[in-house]
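Take a look at the structures below.
Below are two complexes that have chain A in common, paired first with chain B and then with chain C.
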Partner chain A sequence: MSSKATIYGFLFVGLAVTLALIVAPAVYAVSLSFYQMDSFVGAPKWVGFANYVAVLQAPEFWRALLNGAIYALGSIVFQVILGIGFALVLNEAFPGRNLVRGLSILPYLLPTVVVILTFKWMVDGGIGIVTKAVEAMGLPPINWFESPGAAMASTILVSVWMWTPFVTTCFLAALQTVPQSLYEAARVDGTTAVQRFFHITLPMLKPILTVVVLLRAIWMFNKFDVIWLLTRGGPVGATENLAILSYRHAFNLFDIGGGAAIATISFALLSVAVLIYFWVFPLEDD
Partner chain B sequence: MTNDKTMTKPGGVSRRTLIKSAGALGTALAAGTLGAPAVWGQGKKTIRFLNTETSIDSIRALKVACAEYEKQFGTQVIVDSVPLDDAFTKVTTSLRGGQPYDIATFAFVGHVLLLQAEGQLMPLTELTSKHKWGPKILFPVKDEVYWYPYDYNLAWIYYRKDLYEKHGLSAPKSYAEMLKNSQTLTGDGRFGSLFPIGSNGATNWLAPGFMWAEGVKLFDDKWNVALDNAEMAPRVTRYLDFFAELYKTMPSGASQASFGEVLSNFSSDKVGHAAYAGRIIEALERNAPKLSTQYGITPYMDSTGKAKAVNHGYDGWVVLKTPNSDESMKFMAWFTENQYINFLHTAPLHFQPPRLDVYDDPRWRAHPLIEKHKDAVETMRGFITDKSIILTSIDTEGPAPDLRPGKVFEGFVIPEMLQNKILKNMSSAECIKTAADKMRKLIA
Partner chain C sequence: MAEIRLEQVRKAYGGVVAVHGVDLTIRDGEFVVFLGPSGCGKSTTLRMIAGLEEVTSGTIRIGARDVTELEPKDRNIAMVFQNYALYPHKTIYDNLAFGLRMRKMDPAEIDVRVKKAARMLGLEDFLARKPKQLSGGQMQRVALGRALVREPDVFLLDEPLSNLDAKLRVRMREEIARLHQDVGTSMVYVTHDQVEAMTLANRIVIMRDGHVQQIGAPLEVYDRPANLFVAGFIGSPEMNLIEGRIEGADFVAGNLRVALPPGVQASGEVVLGIRPEHLALTTEADGVAFTVRVIEQLGAQTLCVGEAGGERMRILVDRVDSWSPGQSVGVRFPAAKLHLFAKSSGQRVETAKP
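Now for the complex of A and B:
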């Protein structure tokens, strides 16, 4: 077998796996959106674009779209700000730095379900340790999930806690590639730390910032597990995003076609958003 | 470009050999996996049982029963256990995938009806007709029964008898009394009650009981939404207004509370009232033995003190139409005659028998917890034999078993109605209209 044949062989295997595990299910999901189906049992009925029309006319869809955008934006902003801050601290020399660096990644390593269940028990209104601590301090109880705003804030808080370490790790790696000579030259010129951050550090981090924001945006916009385990999209749909709405239609409301239509629209919206993002922040410029 | 030969170390393995070996190994494994079912098919019979009772005791009892069956009849029964929420998806995808489960557990009549309508279920009338059953449990379709129920999970109200005695209270018979008792028990690090209001199954199960006692019907006899009609709207209004007041006696977090939170708050002495089935007594025995003699149980009550209700809940097994249907039917006949009580004993107070003969069966009554809590057991029995007690639930509402109330159940219409009232401070009239509109949309 020649080297070329070997390359084609590997390419074929990769392509076949991608087709079988990603493209085929995605095409199947899109095809389901054109049918009316109660369940996966029984004959589906072709309804054309009726599912799309119904979904786009439903206020729940637009609410879920807005919720998804708020959740993604809120999570990304805090993750990036905190991630850069922690990375700057961890990039400095101090005793036990390696240990702290290791510990800082810990929340990212914990399984989502463990984090969520722990958080829910910590803030339980009757027996939660946080509730008891707040009570002991003489403060009024915190209603973590009792209003739409509080539920969204709690969901963002948990997401920030879980994924800031990932952002920190990315930025920390990027910071270590910034030549020290740039900082030394800037110090000689009499710049302040803030000036060095905005004129050296941030521009040098821009390529990684672009990628991190993109990845986080995609992951947060499609986030299912955290929201489902924390609030199931409640109260009154206040934290329901498109991923949850799609799941509920397909597996709770006996509307697999509607669920597939929501997932397809979500995919299309995200694709357009990614294209616009790369148009506004082209990686080639860096 | 690197030549293949340059990659071979003297005496080592070349890349080409490695790739070929890996390919051969993969092919052999794939062939082995694909061929396996054919090999199994030639051997002893195997049936697959999807179980949703995930406690260790229940799984162990099933496995012991299946081993016994295999020993006696030579048929292997493989038990897969999954959380209840996953059961329907698992069954339908297994059907779609060509390797269906032969027996499955369901806790939602809508799923049974849906599979029956698609011709996927075996009628079990032959088995169920051997016994007398409690009310609203067999859900027949055209005189045929398509599942074998193994429990009622009725939801009723628990209260603390010791605290009631301390404060001179008596079991509540009306909304006003329930509210007063709950307010009285609020304090000393304890909340008056906990009834979930979140968009989850716990709320669907534990919160509407007061509404049923008030005489609310979700549908009329022709499946029109009745929630907002002239007769029902005032009743729902009374229910919502009462619940909003009761909410003030609950700990924060009721909007996220699920089964676990209700169990733990009551058994850890944090709330004076909660709703559940028999599981709470089992939890008290396990985690708070001192409280296991300090609880009282009572049905949900209406605003006038005249009507009582319990919220329906149930579980059962279905036999699917598969190439193994005959063998599955044989197993089900054997299991329900010989192992039924053993299985019920794995949650002795939570699995309330739907078969009326079981209540007088000395084997069932011999369980220590059933013996110890015989007064509660008699009260539980009364919930299904006393015709004055309303027995209904969101998913079993309406003139006949149907998927429509199931959609209302899964659409979390009633939980959202409560949330609109309590968390968003909407007027009761507006809450009812929003809920009724959503119901109409869901069942359209």
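Now for the complex of A and C:
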């Protein structure tokens, strides 16, 4: 009996923590979206779906949705391609491999603020090493944060820089589970190295690829810190995604209900996207 | 179909020599088994024939071609791996067809070959399945089928039955033997299991520490082991090996004295070998007194560990129910079944003209 009591005890504590820290704030946030509030202290006024109507009618919402999608897609594609490439290299035997493997994870260990500041220094208009290099090559200066395209590119660039190590590590772990005899059998079967990649490596990586893309997609779609620290969503909203838009509504425009509505829509969209993803790419057990 | 010739084939990893110069000619259609304990170089030799390991020095020829420097795919070999190495995400059909597709064979011809191999191996009902959905024996058959469809010059099999349970191993052994009879292609087979080697091989190549110990037909190796290692490795239960010396026409060890066949050209320190199944029961007056210590009933036969003249040995005789530990019986050492080895070199000393 006592062991059963212990089990229920743990269960209760776990449930209580989940309710207090995850479910309750989520429910509160969703409920906020039905009120008009200009601060967290004033009296909220019930407005029904008015916040949603207002948000969905604003072009900035659709622009933020598109920006978020471009940012997420762009950074995932490069993270995955580079991640697989690095993992393949790190999976080969070469002198100092373990050292290089260790070093390769470093960017992932750096705090976001440090990465962003480093990047800003590198592209600084006066002293940045990238700026100087561009100058030395005789190319026109790049306005990293002033032109919309370059700003989006720099957010993607920094994200790829930061999270490719994570993707690399995942793929490297998966690669090490592929039996060498499969490659040997394929060599006997007459494949080229490229064919072995597409017929063995990639299919063997598929389960981890499915999970990694999903995780990266969720994190990138909700990404706040990188974009906020780099561009604050600018110039003129060119890099603003739903997370930033929601924050701006709630804390800069004193439209807490609108911010909550954007967050709720974002959450709903992501949920639907994840469900579709699992439907298209089921996590097979083989 | 082709003859395979290894000429002074050697493999070294840095300073460690895995295979010392191997010379071997595998005749067209022959079934050759590399036998030896793990680390003896048998798998490395096979993998060098396959082209999966580079040869440090020496030459490998398949038919008239020198394949030493060729990639595995250009050697026209097919290989069966211990862990099957089936492509897990492909169906059985695609596993069988893969090697042919990579060679850009006509799809109609591929279909004919795959169906034929599936029929030969009883895999017709499994073609749409994935490897995970098959049993170990079925997966091993797919691995054989993948080699079969290629119609190669030679089949290379690397411990193909090691992952199967004992009963299935016997069945698959028979299937491999039948397959060899049906297709008639040369097969090179690696195993550490002497029963597999004895039952399957036309010739056995026994290896140890990267050196070939003996090459011969199974019964030849059993009847005339070339050295002490082969004597101890081939045959189950193991051959009795007794250290002693030659005195006149007799072998002497402790209180044991065994008459040797006439004309033995040996002297000094030797090792006498006699297989447990060749020690014959007789009366104590006629033979040597053998004291029974441990009795193992095998069903049809009785295996008994005991002592004769102070030397520990085993005898294997037709079933005896009446023995008990401590009892003394008479055993005879038939002169024609004795093996002699020089103690210093471990090499065989001929006891009789073959």
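Everything below uses one rule, namely that the second predicted complex is superposed on the first by the 283 of 286 C-alpha atoms of A that agree within 3 Å, B and C clash if a C-alpha of one lies under 4 Å from a C-alpha of the other, contacts with A are read in each partner's own complex, and residues count from 1 in each chain.
Definition applied: a contact is a pair of C-beta atoms (placed from the backbone, for glycine too) under 8 Å apart; a residue touches a chain by one contact, two chains touch by 3 or more.
Bear in mind the structure is a predicted one, so any value in this text is a computation, not a measurement.
When both complexes are superposed on chain A, chain B and chain C sit side by side without a clash.
Using C-alpha centres, the superposed arrangement gives chain A a vertex angle toward chain B and chain C of 150 degrees, stated as a multiple of 10.
With both structures placed on the common chain, the touch criterion links A:Val188 to chain C but leaves chain B unconnected. Once chain A of one complex is fitted onto chain A of the other, the partner contacts of A:Pro179 are limited to chain C, with no touch recorded for chain B.
Touch criterion met: A:Phe254 reaches chain B, while chain C stays clear of it. When the shared chain is aligned, chain C comes close enough to touch A:Met204, but chain B does not. Look at A:Asp225: by the touch rule set out above, it reaches neither chain B nor chain C. Comparing chain B with chain C, more residues of chain A are touched by B. Taken over all C-alpha pairs, chain B and chain C come no nearer than 31 Å in the superposed arrangement. Looking at the complex, you find that chain A touches chain C at residues 179, 181-182, 184-191, 195, 199-200, 203-204, 206, 286. For chain B in complex with chain A, the touching residues are 1-4, 16, 19, 88-89, 92-93, 95-96, 110, 114-115, 117-118, 120, 191, 194, 197-200, 250-257, 261, 264-265, 268, 270-271, 403, 406-407, 410-412, 415-416, 419-420, 423-424, 442. Per the touch definition, chain C reaches chain A in the complex via residues 50-52, 71-73, 77-79, 81-83, 85-89, 98-99, 102-103, 130, 132, 146.
Contact residues on chain A toward chain B in their complex (touch as defined above): 1, 3, 6, 9, 38-42, 120, 123-128, 131, 141-148, 151, 230-237, 248, 251-254.
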